[in-house]
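Below you'll find the structures, each written out as structure tokens.
Each of the two complexes below includes chain A, the first together with chain B, the second together with chain C.
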Partner chain A sequence: MSESNEFVRQVAEKKYEFGFTTDVHTEIIEKGLNEDVVRLISQKKGEPEWLLQFRLDAYRYWLTQTQPSWAHVHLPEIDYQAMSYYADPTAKSKEGPKSLDEIDPELMKTFDKLGIPLEERLALSGTAVDAVMDSVSVKTTFKEKLSEKGIIFCSISEAVREYPDLVKQYLGSVVPPKDNYFAALNSAVFSDGSFVYIPKNTRCPMELSTYFRINARNTGQFERTLIVCDEGSYVSYLEGCTAPMRDENQLHAAIVEIVVMDNAEVKYSTVQNWYPGDAEGRGGVFNLVTKRGDLRGVNSKLSWTQVETGSAITWKYPSCVLRGDGSQAEFYSVAVTNNHQEADTGTKMIHLGRNTRSTIISKGISAGKSQNSYRGLVRVGKHADGARNYSSCDSLLLGSECGAHTFPYMDIHNNTATIEHEATTSKINEDQLFYCNQRGISTEEAVGLIVNGYAKEVINKLPMEFAVEAQKLLSVSLEGTVG
Partner chain B sequence: MLKIENLHAKVGDKEILKGVSLTIRDGEIHALMGTNGAGKSTLSNVIVGNPSYEVTAGSITFNGQDLLAMSPEERAHAGIFMSFQAPIEIPGVSMTNFMRAAVNARREAQGKEPLKSTDFLKLMREKRKLVEIDQKLMNRSVNEGFSGGERKRN
Partner chain C sequence: MTSEQQYIDLYHEAATLIKSRSCDVMNAVRDEAFDTFRHTGFPSKKVERYRYTDVDAAFAPNYGISLSPLTVKPSPYIYNIKDAPIDVTPYYHKIANSADAITALNTALAHDALLIYVAKNQRAEDPIVVDNWLRGTAATMMNRRILIVMEQGAAATVIINDHAADKQRFLTTQVMEIFCHDNAHLDLYEIEETTPLCSRFSNVYIHEGRDCTVKHNSITLLNGQTRNLCDVHLRGENSEITLNGCAIGSASQHIDNNTLIRHEVPNCTSRQLYKYVIDDKAVGAFAGKIYVEKDAQHTTSQETNANLCASPEARMYTQPMLEIYADDVKCAHGSTTGVMDEAALFYMRQRGIPEAEARTLLKNAFMGQVIDQIKSEPLRQKFYVKVEKRFRGELDKCDDCRLCK
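Right after this comes the complex of A and B.
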């Protein structure tokens, strides 16, 4: 169809809105990875001996492993010596920024431009932000206000200095350094990310969020986030990410660990919009992420919601270990791939406690020449009496050159379990488009409308401001993909 | 005025319209009757620009404008409206959102500002009474759970 070629061309010319770079003095350590680099990162952060040892153990284990290749993506052999592992855009001030006056105005401008004002009076009402650029947290807002309730919200580097006992107790307890190849790499060289601790019986009064920005060239970003929600508490946490447009690929290998105690509840939402590469598949971020929540307490709840529109390659399976009796977990996902993007994403629900429940709702949307895979595991352990899982995986194809794949795994060791799985694959319907056209709605807008309708179940799970953003993002990511 | 002259159209390889001419002046109501397969639906679909149909010869003008050169949405903006025999469902898209998108698309084509939410809801209340569609349907997804009659009026 000549018309669809025309649309493909239009997509190729589509602009990535966050592709600018920030011109700021950045201290970047030399390229390459070895024990000295691991020691240097630890030293720069002024870390205690145990953490250096944690990193070195992870590094030595990583050396013995090879890059996994089971995912349905074409991840090249990454040259780990060709990138730098630490870039500090705040390097001018020795101690790190103390007040806003000390932050480079260029950095402030960057985050303003991204819609994340770091001045509290300008901030989105009810949202506290930890802003991370490259390897360093630039600023965390509303820290003092939150601390009145005993809530700790700061960068992980600061947490290591200020709350070493808490960090030592929980770091690596959900995702051990030897969990997988990229987890080992992250554990060796992680730089910044957020730390959240919600004390007992506290409802966090604001949305907490972290905004990750990659800026420096040839640098990997190794985010590390740790959230601990103590008994009877609640927190809603959001994560956003963008990166400049560059011809070479950049690596973002993150670990997020969440610990949920008795009767506590955590909602974790992600809007991932890393640079996806250009229409020919040049550049873009490799997003290789291990996210896991440990529902340690009885009746604890954890909900992952993700809207994945960016990255050249996504390798990400936010998972839940349902350890506590009566714990409940949810995974809601929309993954959009366009052009040459490849996404292999899904979840793992590990039922260990009694009467545990999990829900998986996954919506994949593929366009262009992209490949979009859902990969999920539901495991029910021997003692997990009365476990229930409901999974629903839908794929929507736009155009005829893309692919959608579903790889559901089930591993059930208890015959009282109730497991349901539904899956559908559909193409965007010509009749729907024509019906919209006939009512005066352009094809472009109709695709946005239909895709947003398709993803609504997931979008509805996001906090309101982010739901609006996500809707726009979905429409923009797919602009002009249907002829 | 809608003017159709010597219209030929086919679906796939099959020619269905073989030289239709018809003039409808302002204010006139016409009913087309014919046996199954005579081409009534084909003619309607060609007028609104359904891409499944290919026009091989002839012309259609609407108030002097060449309809065949216009996209389906441009024809809709010009005021051509088709009541579908079996309109399709659009899951997850509420009637309210769908109607607002349609109304505002037409307003944009006419160079008008999009309607504010409150004005739109008011307009929808008025028009809904006219076609006797229940308020409850407005929060449902497009055509989902509509009866046959309700769909045709949508």
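Right after this comes the complex of A and C.
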């Protein structure tokens, strides 16, 4: 085993690849949270009165609430006064960047380093990107090309200015500001994020992507994404995230709202790789996210795919409200936790329309001293005749100090529903390992192979370029956990 | 949340009387339990283990409390706790979760307790049968306490029947503590066959030593509102626990089963099979958690829950959970909720079986899986008949109740 111990040591020392910081002039507002801060954020963004009111209402509601503690994670009491709620790395140019030349070259280097194709020379990659650093969207690519088809893809701040009616109609309609504690906080102080509108009968010609990056110290990131897919349209949306390595915890409380109309389809993929903290559990991002899709139209379709490898604490339940008759929802998830990471993640499928179908495939992998939980709800409403759900939650344990948990809830109020749930928890099969060893494959490689095979069902659902990244992430997160 | 008050007042008024009719071992923990109850009150639906049952509403009506002494017919193995052949101090109120409000209330109000004791290496040949008859001329609350002690190498089958002899509102709280010492074998049946006016809150706590096998079968045939909680602690290696549940609900009945199996040591096996048939406006709930502690390697655990919703207004809540801190384990759970197979119904109707009959056949077959788990042949046959009668609606009163005949 000495050989594998050596390997463990090597990997244990392997650093989080994206843990660098960028030295860029950033305008950060004073720490602390109060009504003036909310007003200041709104003022900095030049927002209309209704949005300020929206923020203030959310803030006042938030004050009346307490931080939830039901999740299977050890979330400390967060000091909301100890962080800053707005950090703008583009503040150098007052008007915000008009073209790439105006963007701080340090900023460009950051995104280059992260492998995000911001420059037009990377046009061949065929993905439109909205890059968000701290509280501000740095650059959105391919805007013009998309607008030819009537597709709106821009930062949410820009959308508030350019398309106020659309934003006003949909913002907060899927995740109301009073939905939960973190949703209220986000609604009060959200800074930037992406806005997507796909007009009727349009197939978005390229993958849309947002890249989130936390850079500044002692700031929280509160982005807000709103996707509206009109009748008969299709869009595939990707989201990626990283943060620098810091000893203190950083807060990320986002909201994603998706509206899907008749016969439309949205595919939302996430590769979440926030800084997970070091091997002793110091630092890391608290990822407390509310994501929800509203399948308003008949035969609408929404698919969530997530690969969760980062964050010290993950608290995330991408959900679907199947309102339209014949709507379909899918949730595919791979959550990997290592060292001291804790993840409580899953989905909610709320069946309201007739003949709705949902599928949940969740794969949890826990290693080190981590805790990995699946928490999901399948609710079949009184009028949801013919609802169909299939859930499968598998957990894999690597190491004797980690935990894997499953908390599924099923509330069935209609007798024509067919609901199936199955879950298993086990460690890697010794026979499979032995089989690989026999054929000259080392234990580490064999574990990699088996885990990749185990997660394949989910990874296959990711768009090509993400699938490659996800696979790499998976092996980085897990290598060395078996020895 | 005011239901607690009447029980607090009741205790203040009746504590002396209860104590005078009880014994030292029960009185020793009474005041402390009452304090716990006074502080916690009834759990709201926000308490995870009580999310499907409105405890407050169930305890809200004004019930008279029954303080009639427990009469035990002279028989081997069954004793009134006051005549216990052993010192029960190490057992009484030792594994019951004293923080649970129902357990606390029961401990405060119960004046008598039943002891089933099987001595070392003794094997009870015939089943030990306990019949509980609920009798009363007004709405009555019963606080039943049962202690089962199985010494090393003891073996027994225990059948506990619940009947209601009078058409009255009855509220029963029950706390049962079961201690199985090394190599003990217990086959326990709890059969509820009361009336739609009865509410039952039962907390069962099981402790298992080494090499034990315990089977707990909870069968709800006819009831009003039932809440069964079962906590199992596997504390010795190579032990087995099997929890089977059969729940049949119709009209506006409510059946809530909540289980927790704690694997505290390696090499234990647990199995759970709970099946529900929910008709009319009935509500069924099942929440089962398998908890595997860090050192409990080589645990094998299987949890199955299958439910049939037979009417548009039936509701089913299910929550099969795994909480695992050991890596070398095999744990699985499965849960299904669905409708009757239309193809099977059609097949039978084609062959001249009327629809109602075909449905009953299917429901029977569905429940058959649980009944098949019963080891004793005569008992199994009895249950086949009872379950079928229940589905035909012929089980409106407890049919083998000697009081009514």
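Going forward, the second predicted complex is superposed on the first by the 469 of 483 C-alpha atoms of A that agree within 3 Å, B and C clash if a C-alpha of one lies under 4 Å from a C-alpha of the other, contacts with A are read in each partner's own complex, and residues count from 1 in each chain.
Just so it is clear, a contact is a pair of C-beta atoms (placed from the backbone, for glycine too) under 8 Å apart; a residue touches a chain by one contact, two chains touch by 3 or more.
Remember, it's a predicted structure, so these values are computed and weren't measured experimentally.
> Tell me which partner A:218 touches in the superposition: chain B (first), chain C (second), both or neither.
Touch status of A:218: no partner.
> After lining up the shared chain so the two structures overlap, which partner does A:437 touch, if you call chain B first and chain C second: first, second, both or neither?
In the superposition, A:437 contacts chain B only.
> Which partner, once the models are overlaid, touches more of chain A's residues, chain C or chain B?
More residues of chain A are touched by C.
> Is A:454 contacted by the first partner chain B, the second partner chain C, both or neither?
In the superposed model, A:454 contacts chain B only, not chain C.
> For A:173, using the defined touch cut-off, is the partner it touches chain B, chain C, both, or neither? Pick first, second, both or neither.
A:173 contacts neither chain B nor chain C.
> Report for A:445: first if it touches chain B alone, second if chain C alone, otherwise both or neither.
A:445: touches chain B, not chain C.
> Looking at the overlay, does A:414 come into contact with chain B only (first), chain C only (second), both, or neither?
second
> For A:359 in the superposed arrangement: first (chain B), second (chain C), both or neither?
neither
> Could you tell me if A:402 is touching chain B, chain C, both of them or neither one (first, second, both, neither)?
Second partner only, chain C.
> Using the superposition described at the top, list the residues of chain A that contact chain B and also contact chain C.
Of chain A, no residue contacts chain B in one complex and chain C in the other.
> State the interface residues of chain B toward chain A in the complex, per the touch definition above.
48-52, 71-73, 75-77, 81-82, 84, 87-88, 90-93, 97-98, 101-102, 105-106, 109, 141
> Of all residues in chain C, which touch chain A in the complex?
Going by the criterion above, the answer is residues 48, 294, 297, 307, 309-339.
> Taking the touch rule as given, give the residues of chain A at its contact with chain C in the complex, in rising order.
The contact residues of chain A facing chain C are 70, 72, 395, 397-427.
> Could you please specify the touching residues of chain A with respect to chain B in the complex?
Within the complex, chain A touches chain B at residues 429-432, 434-443, 445, 449-450, 452-457.
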